Amino acid sequence: MSRDVRLLTTPFDPATEIAAFGAAHRGFGGLCSFIGAVRLDGDVEALELLHYEAMTLPGMEALADEALARFGVAGLLIIHRAGIMHPGDPIVLVAAAGRHRREAIEAVDFAMDHLKSDSWFWKRELRGVHWTWIEPRAQDHSDLSRWG
Amino acid sequence: MSRDVRLLTTPFDPATEIAAFGAAHRGFGGLCSFIGAVRLDGDVEALELLHYEAMTLPGMEALADEALARFGVAGLLIIHRAGIMHPGDPIVLVAAAGRHRREAIEAVDFAMDHLKSDSWFWKRELRGVHWTWIEPRAQDHSDLSRWG
Amino acid sequence: MAVRLVFLGKLADLAGVGEREVSAPLDWAGLLAALPGPLGEAARQDRTRIAVNGALLADKTTLQAGEGDEVALLPPVSGG
Amino acid sequence: MAVRLVFLGKLADLAGVGEREVSAPLDWAGLLAALPGPLGEAARQDRTRIAVNGALLADKTTLQAGEGDEVALLPPVSGG
């Protein structure tokens, strides 16, 4: 069972990470991944994700442990950016490898729902010269409630 | 809306395909992918997937159209191997890009369930010098029934 | 010799070949007459489907194939 | 000057700084006394959580921080 959890303040390349994760889990049948990137969304020029040293990475590690235990996958990768990003930039990559596709897909789904609404990140968006704090979305909480 | 459906008789590199698909869909927030590979499974030395020219690729294209319409994703990629493969070799890649993660994850989940149990492929495994035809799995049919 | 039969998956093993030609026209009774022994039994099984020129028949006993048609015998799929 | 307060997200904007030091020991009443105006109001809101040295308090009114402790004020998260 492998766990790789990283909080990065510099850009990363999701496809390169998926290739490495796949190579490390050759022989398992399934690899599911999700890449979340900054949307091209009207006049949003940048977004900034802030984290809290004492809690954000430990929380991501605990989430990975929970997903590994709950879905029985062989490997789980979580990479999350902090700092300032621009449209198209990758924010998050979650990947899970397992013998069967259901467990890999569900582990990724579960981890993404929790990263989006239950991890210690605060987001603000830049439009023109104004930074605006983003409030939690109701959708994120209903996604989370799926997991009981 | 983009649709890319390929039936290949030669190897492909999933991470390279994911990178290209991601580049073609920059600015959408989410990209989910699933890579299915030949499992390292006891004494299975190779597997062969047979297809039927007149039906297999057309069926995959119809499946892609259905997933695009049903989940409202912006792009869908399906690459499926035919021919002889060995443990670790990629068999299938499905990727979906969309504005929201739920739709991308569900489109991939849906397409994989249908590719596994409702597409025109026949599989046999080589153990020692014997090729054995693989029968459909009950699990695949119950996965399929989730989609109503 | 003008209807092409295509045997998929393990039906090709039973047939000993992947394809064969039979006389047109061909209906369901004609197909069964052209398929001896285990191949005919397999064709009769509910889970064996029939397609004409790539189009699946809802009821294979309605088979009607003519000159130049391709008739495929499809055992259950076993996925990717 | 021995308890460090850390303001996360928009609370850092309200505070005008990301961190501040206050005297130890610090309990809930002491924290509110140290946070004037809108910052104190924000701290009182149910959705603002408090953590001591990275551990979330189930009930923030039980806050007890001493010399060298780090007290974080956490507004609702807004995801990745």
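Per-chain residue numbering starts at 1, and chain names A, B, C and D are given in the order in which the chains are listed.
Operating definition for what follows: a residue touches a chain if its C-beta (ideal position, glycine included) is under 8 Å from a C-beta of that chain, and two chains touch if they have at least 3 such contacts.
Here the structure is a predicted model, which means the values were calculated and not measured.
Ranked by separation of Cα centres from chain A, the top chain is C.
Mean C-alpha position of chain C lies 75 Å from that of chain D. Centres computed as Cα averages put chain B at a distance of 27 Å from chain C. Centre to centre, using the average C-alpha position, chain B and chain D are separated by 50 Å. For chain C, residues touching at least two other chains: there are none. Among all residues of chain A, those that touch two or more other chains are 36, 116. Contacting chain pairs in the structure are A-B, A-D, B-C.
Residue ranges on chain B touching chain A, taken from their complex, read 13-16, 18-19, 22, 26-40, 87-88, 99, 101-102, 104-105, 108-109, 112, 116, 143.
The residues of chain C lying in touch with chain B in their complex are 6, 8-10, 13, 51, 53-54, 56, 70, 72, 74-80. Residue ranges on chain A touching chain D, taken from their complex, read 36, 49-50, 52, 54-55, 58, 80-81, 91-92, 115-124, 133-137, 140.
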